[in-house]
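For reference, the structure discussed in these notes is given below.
We just call them A, B and C in the order they show up, numbering each chain from 1.
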Amino acid sequence: MENFFFQMIIAATPLLLAAIGELVTERSGVLNLGVEGMMLMGAVSAFAVANSTGSSTLGIVAGAGAGLLMALIFCVIALSLLANQAATGLALTIFGIGASGLIGQGFVGVALEPLAKLSVPFLSDATMLGRILLGHDVMVYLALALAAGVAWFLYSTRGGLALRAVGDNHDSGHALGYNVIGIRYLATMFGGACAGLGGAYLSLAYTPMWAENMTAGRGWIALALVVFATWRPWRVVAGAYLFAAVTQLQFYGQDWGLPVASQFLAMAPYVATILALVIISRDVNLTKANAPACIGRPFRAER
Amino acid sequence: MILLDPRPQPSRALALLSPVIAIVLTLVAGGILMAAMGKDPVEALSIYFFQPFKEFWLWLTLPPGEAEMWLYTPSEVVVKAIPLALIGAGLAVCFRANVWNIGAAGQYTLGAITGGWIALSAPDGASGIWLVPYLAAGALGGMAWAAIPALLRVRFNANEILVSLMLTYVAAQLLDWLVRGPFKDPAGFGFPESKEFQDGFIMPVLVGGTRLHLGAVLAIVAAVALWLMMTRTMKGFQVRVIGAAPRAGAFAGFSQDRTIWFALLLSGGLAGLAGAVEVSATVQQLQPQISAEYGFVAIIVAFLGRLNPIGALFGALILAVSYIGGENAQIMLKLPKAVTGIFQGMLLFFLLACDTLIHYRIRLAAPGRA
Amino acid sequence: MSAPAEQSGDHAGSQPPPLLEARGIVKKFGDFAANDDVALVIQPGEKHALLGENGAGKSTLVKMIYGVMQPTSGEFFWNGRQVVIHKPAEARDMGIGMVFQHFSVFDALSVVENIALALPPQPMRALSERIRQVSEAYGLAIDPGRAVHTLSVGEKQRVEIIRCLLQNPKLLIMDEPTSVLTPQETELLFQTLEKLAAEGCSILYISHKLEEVKALCDAATILRHGRVVAHCDPKAETARSMAEMMVGDQIAWVERQDRAAGGGPVRLKIDHLNLAAESEFGVTLKDLSLEVHGGEVVGIAGVAGEGQAELMEALTGEVLSDSDATIHIDGVPMGRADPTKRRLAGAAFVPEERNGHAAVGALTLSENIILAHHTAEGIAARGWIDFSKASDWAGRVREGFDVRAASENPVAASLSGGNLQKFVVGREILREPGVLVVSQPTWGVDAGAASVIRRALIDLAAKGSAVLVISQDLEEIFSICDKIAVIHHGRLSKEHPAAEMTPEKVGLLMGGAHPEDTEIPTEEMA
C-alpha cells in the first residue's frame, strides 16, 4: 500500500505538469489539443540530451524547450493565421508522434540512470507518511511548486488578471489595449514548455528510457484533467493524483488478486477519464461558469 | 508583421488551390529534412512521392505486355487509400457538422472486432454471401463505438473529442484481450492472433495480379452517396447549418442533438466498415495491430479533401502515396517509418496555414506603423 | 513640445487651443474608406455630439482617438500639440476615457478586477475604496466585489464609466451609451455627464438619437459615408433637420397612423407562459400572457437581457414550453410544436441576431431562404432540395426589399448589416404570415433600411396579420406599435394602447415598476 501511494505521486507528476500548462493556455482562450505531441517531443528531446550529455538537468531543459517550440508552431498557425485550433492541435500531435519517432530511433532500448531521488535524513524513512511523501526526485516537487506558482500568478498578479481577461473576452481586452495575441502566444508557449517537462519526466524518471508513443495518451488525459478541474489550478493537482491512483491499478491490480485481465486494468485510466468528463460536464452551470468564454475562438485585431 | 485582411467573399479558387500549395510546401520542407538527414533530397522525394505516379504513367502509356508490371505499385496505393477514403469521407461529413470525432481509430478497431466475430463464428464452408453480414457487423460495431461519445455529448455535454479519443485506447486493449483470449487460434502456436478467415470472408480481388479489391468500389460509392447527401438533400443541409451556426439550425427547426448522433454514427459506421474491409483484405485474421492509425490519418484526408466526401477520395490517394513512399524509402534509403508521420503532420500544418488564404488576404506591414 | 506654426494660426491670439483636434483623418480597410478626410474640433468642457448613421464611420473615428486603431493618414492634436496615439494606454495617460457601445467588460471577473485592468497596477483593496468614493460622488452605486456577470446592463455601463472616471479624464468618449438604458437611467447618466462637463471634462457623445443630442450637447459634427458633412449647434436644430443632414436626403418618416387597429381576431396568444432558465446565465420567464390581434402591431419594450431572447426562443419553438396551451397560433395550441410546425401554421419569425441566428453567414442567400422555408414553402419536399425554387425566392426578396449585394448569390456574411436585415425580414414578410414575431427589427441598420422595414411591418399588419415587435428602441416602439407591453426580469406587463403611453411611463416599467399594476403612477413622473 505504501508503495502504491509512492508510485502514485510519481505517476501523477507528468499529468500534473502537462495539465497545469494546458490550464494556463486555456485560461488565455486557446485550446491546444497538441499536448500529446508536445509531451512526446519533450520526452524524446530530454532523453536524447540527457543521454548524450550525461546531464539530466540539461535533459529537463531540452524537454521544456522542445515543448515550447512545438507550441510556437501551433501559435503561428492557429493564432497568427487563424486556423481552426482543434485541427491545428491534432496536426501538432500527428507531427509530434512522427518527429519524436525519428529523433528517438537511435535511442530505443538505451538505458538511462533515473533522475536522482532526494533524501531527507531521518524524515524520509521514519514514518510511513515520510516514506510516501519524501524521497522523490526534484521534479515531483517542482511540479507542485509550478502549480502553486500558477495559482499565485493567475489570481494575485496583474499579468494573471490580464490573461484571464483575454480568455474571457478578447474583444474587450483588445479595446482596453491589451495585446491579445501576444498574451496568448506566451500562455500557449508556457503550456508547451510544461507539456515538454511532463514528457521529460516520463523519459528521465518515470520509465528512464525512450519508446515510441511512450506517453500512451497522457497528453489527452491532461486535457481532460483541465476540464475535470474546471480550470482551477489546485483542482488540477487533486485531479492528477486521483487519476494517477487509477493508473496504478494496472500495476497493482493483479498483485492484489483482482480477477480481471490485465487489458481491462489497462483500460482503467481511459474509462476513468470518460467518467470524470461526464460527471463534470453534466452540470452546465459548472462548466459554463468556469470555462474561459473565448476558448478556441480565433481573434483578429482590426487595425 | 503579418496582417490579414478579410476577403468580402471566400475565394473558391484558393479553396481548391490550397491543398496543392500545401503539398508543394510539404515536399519542399521534406526535401530540406532529407538533406539534413544526409540523403539526396531529389532521390528521396522521388521515392517518397513521385515513384507511384511514374509507375502509374508507365502503366498507362506502355503497350500491353510491358505495362502490367508497372501496375502493382499504383494498385497498392489504391489498396492503402481504401480505408483512408472510407473513414475520411465519413469524417468530412462529421467535421462539417462541427462534431469532432477523432476516435475513428477506435471505431475502426471495433468494426474489425465485430466483423471478426462473425467471421470466426461462421460455420465451415461459408460462401461469399457471408461478406454481407460481415461488413454490416463491422459498420454496426463502429457505430456502436461512436454511439458512446454521441450519447455522452448529447446527454451529458461531455466533449466528444476527448471521449472518442479515450475510446481508441479502450478499443485497442479490447482487441488485445480478444486475440490473446476468446478469439485466439488454439492451433496458433501461442501467437496472439485469431484463426485465419475462411475464403467467404475475404474481399474479392478486382484485378488479377494485384491486391486491388472490392473495397475500392465501396469507397467510391460511399463518397458519391455522401456528396449527393451533402449537396442535394435536407439532411446534408442540416449538417452544414448546424455545423456553421447551431442557433440558426435551431431557428430552422433542425435538432442539434440529432445531428450530433447522425454525424457520429455515420462516421463511426464508415470507420467500422473500413476496419472490417481492411482486415478482410489484408491480414485476413485478427491481430493486436491492425493499422488503426488510419483512423487518425483520415483526419488529414478529410481536411485535404476540403471536408468534401469526393475530395476525400483524392486526399486518401495522396496520403496513400505517402505510405507507399514511406515503405519504399524504408527499404531503399533505410529511412525510419516515423518520417512518414512527419510528412503527414507537416502536410496538415501547411494545409491549415494555406487555408487562411481562402478567407483573408495576407499583407506584410512594417511593424512600426501597424 | 511647441505647437506647430500653422496650429497657432488657426486659433488666433489669446484663445487657448482646442482640447482635441483631428485633421484629415483617413482610415481605410482594404479599398473601403471608413473615414475620409475627417476633421473634428473639441473644446475644453464641451459636450460634443458625433452624429451619423450606422456605418457612417463614428466608431472608427473614436477608436482611433482612443488608440485602438491607427489612422491610414491624418493628424491628431491634443491641447495644440500633435500626438500619435499608438495604444489605449497612451490615450488613457493623456486623459482620454472611453465607454464602449458593446461594453468592454469581462463577465467572469469582479467589478474591481474589471476596473483594475484599465489602471496602473495598485492594491485591490485601495482600489475598491476609491471605486466606492467615486461611485458615490457621481451617483453610480456599485459593489466593487460583485461578479460582473450578475450585473444588469445599466450596471455594467456604470463599471465602464467608473473605470474612466478613476483616470481623471479630460475627454470622455461615450459610444451610443443610452441604447441599453431606460429613460430614467438615461436621465441619471445625463446628470453625471453634466456634472463632469461642469468640472471641465469634455464629452464626445456618439449617438443617432437626436432628441438626446439636443438635450445634452452644445456642438455636433455629422458624418455620412465616412465624411464630415456638417457642423451644427444641436440646440438650434430640430431632430428632423439633423436627421436629414445625417441621411443626406429627405427621409420617409414612418409613423403609426391613427387607424382602427385591432378589432381582428386573436392570432397570437401567449397564455401564462413559464420557462425555467437553462442556466444561471439565462432569465426565467414568469407567467407571461399577451394577445396580439390581427391587424395590430404590438411592441414589447425593455432594456437588454430581461428575457427577450428567452421569449423569442419560446415563440419560435427553439425552446419548447411545458404545455401546448401556453402559446396559440391562430387558435391552435403550439407551445410544444417545433419551429417547422409553427411555420406551417402561418407563423414567421425574425430573431435579433441576423448573422448566426436568422441567417448563416457562410451560406448563400438562396441557401438562407431554405433555412426558413424548407418545409413551410415546400422547397425541400421529400428530403431533396429544390434549388431553383430557393433562388427564385431569394430573387423575389432581393427585389421586393431592395437588398443590395455585389453579386448574384453572395454569402450572407458579405452583405452590409442593413441589407442582410432587409433580407431576413423580407424573407419572412413575403410569405404573408398570419403571425410575425420580430426582435430588434432595425438594430444597427441605416435609416433607409430601417424605414423600409418599419413600413413593411405596418403594411403587413394592415393586411390583417398579427405583428409582435420586441425592441429595446423606444423610438421605434412608439413609431410603429399600436399597443405596448414591457418586459422586466422575465415578467411581462399588461399591454397598453400606445396612445395612452409615454416614454416616461414605459421607462418606469422597464426599470421594474410592478408590471402587475395596471395603473401606472403618473404622479411620480413630475
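Assume a contact is a pair of C-beta atoms (placed from the backbone, for glycine too) under 8 Å apart; a residue touches a chain by one contact, two chains touch by 3 or more.
What you see is a predicted model; the values in this text were computed from it and never measured.
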Task: Furthest chain, CA centroid comparison against subunit B - done: C
Task: Contact-richer chain pair (by C-beta pairs counted) among A-B and A-C - done: A-B
Open item on the list: For subunit B versus subunit C, what separation do you get between their C-alpha means, in angstrom?
Closed with: 48
- [ ] Can you check how far apart subunit A and subunit B are, centre to centre, with Cα atoms defining each centre and the answer in Å?
- [x] 29
TODO: Let me have the rounded angstrom distance from the C-alpha centre of subunit A over to the C-alpha centre of subunit C, please.
DONE: 44
Task: Of all residues in subunit B, the ones touching two or more other chains - done: 370
Open item on the list: I need the residues of subunit C touching at least two other chains; which ones are they?
Closed with: 29, 70
- [ ] Mind pulling the residue numbers of subunit A that touch at least two other chains?
- [x] 284, 303
Task: Contact footprint of subunit C on subunit B as seen in their complex - done: 5, 8-10, 232-235, 237, 240-241, 244-245, 247-248, 250-253, 361, 369-370
Task: subunit B partner contacts - residues on subunit A that touch it in the complex - done: 33, 37, 73, 76-78, 80-84, 86-88, 90-92, 94-102, 105, 212, 216-217, 220-221, 223-224, 227, 261, 263-264, 266-267, 270-271, 273-274, 277-278, 281-282, 284, 287, 300, 303
TODO: Under the touch definition given earlier, write down the residues of subunit A that touch subunit C in their complex.
DONE: 158, 161-162, 164-165, 168-169, 171-178, 284-285, 288-289, 292-293, 302-303
Open item on the list: For a test of understanding, state which residues of subunit C touch subunit B in their complex under the given definition.
Closed with: 29-30, 70, 313, 316-318, 338-340, 343, 349, 351, 353, 356-363, 367, 370-372, 374-375, 380, 383-385, 406-407, 410-411, 414
Open item on the list: Under the definition above, what is the set of subunit C residues touching subunit A in their complex?
Closed with: 29, 67-70, 87-89, 91-92, 98, 100, 102-109, 113, 116-118, 121, 278-281
